[in-house]
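The structure under discussion appears below in the form of structure tokens.
In order of appearance the chains are A, B, C, D, E, F, G, H, I and J, and numbering begins at 1 in each one.
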Amino acid sequence: MSAAFRDLLETFDNPHPAREYEIETICPEFTSVCPKTGQPDFGTLTILYSPGAKCVELKSLKLYLQQYRNHGAFYEDVTNLILDDLVAVTEPRWMELKADFTPRGGLSTSVRVDYISHDGQSGD
Amino acid sequence: MSAAFRDLLETFDNPHPAREYEIETICPEFTSVCPKTGQPDFGTLTILYSPGAKCVELKSLKLYLQQYRNHGAFYEDVTNLILDDLVAVTEPRWMELKADFTPRGGLSTSVRVDYISHDGQSGD
Amino acid sequence: MSAAFRDLLETFDNPHPAREYEIETICPEFTSVCPKTGQPDFGTLTILYSPGAKCVELKSLKLYLQQYRNHGAFYEDVTNLILDDLVAVTEPRWMELKADFTPRGGLSTSVRVDYISHDGQSGD
Amino acid sequence: MSAAFRDLLETFDNPHPAREYEIETICPEFTSVCPKTGQPDFGTLTILYSPGAKCVELKSLKLYLQQYRNHGAFYEDVTNLILDDLVAVTEPRWMELKADFTPRGGLSTSVRVDYISHDGQSGD
Amino acid sequence: MSAAFRDLLETFDNPHPAREYEIETICPEFTSVCPKTGQPDFGTLTILYSPGAKCVELKSLKLYLQQYRNHGAFYEDVTNLILDDLVAVTEPRWMELKADFTPRGGLSTSVRVDYISHDGQSGD
Amino acid sequence: MSAAFRDLLETFDNPHPAREYEIETICPEFTSVCPKTGQPDFGTLTILYSPGAKCVELKSLKLYLQQYRNHGAFYEDVTNLILDDLVAVTEPRWMELKADFTPRGGLSTSVRVDYISHDGQSGD
Amino acid sequence: MSAAFRDLLETFDNPHPAREYEIETICPEFTSVCPKTGQPDFGTLTILYSPGAKCVELKSLKLYLQQYRNHGAFYEDVTNLILDDLVAVTEPRWMELKADFTPRGGLSTSVRVDYISHDGQSGD
Amino acid sequence: MSAAFRDLLETFDNPHPAREYEIETICPEFTSVCPKTGQPDFGTLTILYSPGAKCVELKSLKLYLQQYRNHGAFYEDVTNLILDDLVAVTEPRWMELKADFTPRGGLSTSVRVDYISHDGQSGD
Amino acid sequence: MSAAFRDLLETFDNPHPAREYEIETICPEFTSVCPKTGQPDFGTLTILYSPGAKCVELKSLKLYLQQYRNHGAFYEDVTNLILDDLVAVTEPRWMELKADFTPRGGLSTSVRVDYISHDGQSGD
Amino acid sequence: MSAAFRDLLETFDNPHPAREYEIETICPEFTSVCPKTGQPDFGTLTILYSPGAKCVELKSLKLYLQQYRNHGAFYEDVTNLILDDLVAVTEPRWMELKADFTPRGGLSTSVRVDYISHDGQSGD
């Protein structure tokens, strides 16, 4: 499933690949469906990364995230899967994904996942 | 007493056990009873942990916390007991519990308790 | 049921009965139980009134509101009942009760109820 | 189309029909689809009304609003249609619906619609 | 008692007595003592008035309010007494006094008192 | 000049012309050029109106406002001109335009302009 | 004294004199000197007016307000004098001036002064 | 002097002495008297500590702090003295006291004092 | 292209070159044009640096940033280019540039770029 | 010039010289004059230090800072000079001075300067 969505992500060449710097993108309109109850979940995704050879293209990111709109996914699982997809297509120096979900049953939950490239330079 | 409540906590398998990542759950509707005065106390619990083999299931967490509704417990004690219960059932890499209680007599109190697994990997 | 709780409300003589003025009391720690699901509800009550011959005594108000802690009550009903009880014991010039409940299922609800004395002066 | 969704709205008898009072429900997780671009829209609905003979039941309201999740609807139209549906099933003394949509193209838009019953008492 | 404190209030001539305008003074450091428990109360006083022939001098106002520091006084009573003193010495067109007290027992209370001169011009 | 820009504004038929309701659009990215100094000005426009037969189309509104990017215009003048253009193309029941400009020389300025149709129904 | 400062205020012709609209200018950097203690006072002036034939020019307003930097003036007096000067040079339909001074001795004070033209149209 | 107040502080046994954890108590209603001017000072004390064998009892802490109400004490001195008293009776692993005083003469001052036990375990 | 803009940046001698200290300048009115869509982008630039021999002159910085007003530039590229220009003319000990862009398509993006001089003292 | 102002700063003996602790004083009413334009600048100074043998006396600090009211000084220069003066008279363990100036030309600037005593104990 995640593989199919991953193909929607497009990248462009990092215009300054020699410098280690950071890009943060905040996506406050993420919504998926709880696989147990069928009820929609809502949350804000915050993607922070240091680009290697490639940056993620924002329009394709938006389209990619919209695929989860009618897709059943647990909080902990979907956050890990999205990180995996973004790392696979951009091969960053490092990346952090934080997902803050709105309250359910009086409880609100966030999941934070990190990736660090082995050579500390790029994700190859 | 705590043993009886602990049985209400359910877990599910961590979907990404090989990765060290964080889950934060905020519970703004915690209430217990002061054992000295019999008056209700109110507070917000913030649970932050890195899951090992298991994650805590949120509906069972809600039910577990509701058991304290008519239960007498001092701030310092109840915070430690809840951490002990959560660590016992999830065996996390590490866990922090912060309890912020509403003001009483013009004073407001928070208690913050940490657990770190000996092998730094999982709570076994 | 409400009649039984009402007896807990105590009053004292308005020290300045000739002047029309306002008293507002905010109770952020109101909790009751949903009669359908058995789950606890949480909310903030705001009582605004112009006293007639009597003012409500705050310690008794606190004790009265605590009676709803394990009592099943719908939002719309409990707000009306508390207003009725407060009007009955204080006979105010006018009174407004606003109950702001915390979100459930992504929806948050408030109920606002008013009382105005027929002679516009006191609740007798 | 709206007629089909309307059937999902359930009501219960106003427990205090003789008193004119207010109920406000805030729905921060409304989402629909732009009929022109196919892109999702997000917004917060605020429903404020004075109940006549009936109140809207919150679980059915949640289910009703979720029907717009994959439904194409312009801001101005959908706000009017939801008000029409809510008025039809609850017959309120009066009702106001405010829809605050998140920014698109740097512009953010709100639509506010009112209904007042002809006899100023109930919606019959 | 109030008479004794009142003598501490000094005034100066309104520099623009022909114009109806407003002066607001906020006093966030008011403290008195609960006559029942002997415990200190804390609050913020907001004085809003349209001066007649005289304005209240601020240093004397500060000194006057400090007299309540070790003085037993109920919320409702002290607010009315301070308004009476301020009206007596400044004879304003109108005056409003709002006292916002910090929470006690989880409840916070405000008292708002108004005065309007009979001729709508000055307090004589 | 204003006439040329006005042609960029497009409208669509009000889907509920019989009901008097409100539409608010906030444009936080307005920028023009000070005709005296040639320096850019920045501000937020807030358009609030009750539509008559027509609503303003948002993409055309965005394009219209972008025409001021390199156009010299005083605060007071540009606010009036934009209101005139919007009234001319939408013929609303009423419309208010508020322009909040960012500080210059330590002073920040807002201009608020209103239009009300003579027949109180539509702008014809 | 005020007369000398008034000459610094410049105006320009209201570009839309037939329409009644509002201009608000906020000046957060006003400072004068207390005539009794010689200590500096600091405050924020908010000028709100409906222009008649003329608008106040902002650079001259800034220069005018800077004249109070080393000038002794009581709160109540200086607020009235600045309103008088602004009304004299702009002859507005109406004008309001609010001066919010920073705390002294734990007390913070605001003064609000209004002017309304006799013919309700312009200040002549 | 401080010795006399110190006797008012009561403690209870730390219910979980083997675990290093934190307790924070915020006291927003601290007031003392300036020894030079005789004027009252107001501030917020924040006590953060890791308990050793004992915890401070909150009612006794409130009573202890009230002793400063009519006591002359400089900011820097009183903050150090209160820390000394709290350390002496609780013998914590470590403790920090922060005192934030309200503005005087346009300046606001905070004092932060730390204590660390020599053995890093408890205050003995 | 960037070279042409760089000539607009002026500097002055650091008045305290021997001390390592920080200067932060926030520019909330940055605007450029998207090279793909031709639509304007808006953002806030935050420049933080420790000056070496020279400081950037603020008026020239304002003029330099205004050159991007009608210039097509991607987020990631423009942030790197501005840092390069500022480093070239000021030769700082170190410098950080953060660019926070307003939301587009529901996504908001920031770019943060750092420079550290090789000798850790100045940028020569 | 700075030497002359420095004489206004008075100190008192640190009441607890053996303990390393912190004092923070915030001065939101600093104003000086731009030496190039003659226009007033406004800012907030935040002084944070660990006292050695002496503390700065607050009334003298206020008087000292007022000397800059009509004194021409660049941001970078004045921040360094005030730090030098405060270090010279108090000989602190360490001191940090942060100056946050209000926006000019759409840009707002802060300067942060540090001092650390060579022996890490006091400023002698």
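Convention: a residue touches a chain if its C-beta (ideal position, glycine included) is under 8 Å from a C-beta of that chain, and two chains touch if they have at least 3 such contacts.
Everything numeric here is computed off the predicted structure, so don't read it as measured data.
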Thinking of A-B, which of A-I, G-H or B-C forms a repeat of its interface, with over half the contact pairs identical? A-I
Going by the touch criterion at the top, tell me which pair is linked by more C-beta contacts: D-F or G-H. D-F
Just give me the whole-number Å value for how far the CA centre of subunit C lies from that of subunit J. 53
Where the centres are mean C-alpha positions, what is the separation of subunit D from subunit I, in Å? 47
How many Å are there between the centre of subunit F and the centre of subunit I, using C-alpha atoms for each centre? 33
Per-residue multi-chain contacts in subunit B, two or more chains: 28-29, 39, 42, 102, 104-106
Testing understanding: with touching defined as stated, what is the shape of the graph linking the protein chains, line, ring, star, complete or other? other
Which pairs of chains touch, using the document's own definition: A-B, A-C, A-D, A-I, B-C, B-E, B-H, C-D, C-E, D-F, D-I, E-G, E-H, F-G, F-I, F-J, G-H, G-J, H-J, I-J
Subunit I to subunit J touching residues, read off their complex: 14-16, 19-29, 51, 55, 58-59, 61-62
In the complex of these two chains, what residues of subunit J are touching subunit I? 74-77, 79-80, 104-114
In the complex, subunit D residues that touch subunit I: 39, 42, 102-106
Where on subunit E does subunit H make contact in their complex? 28-29, 31, 39-40, 42, 66, 69-70, 102
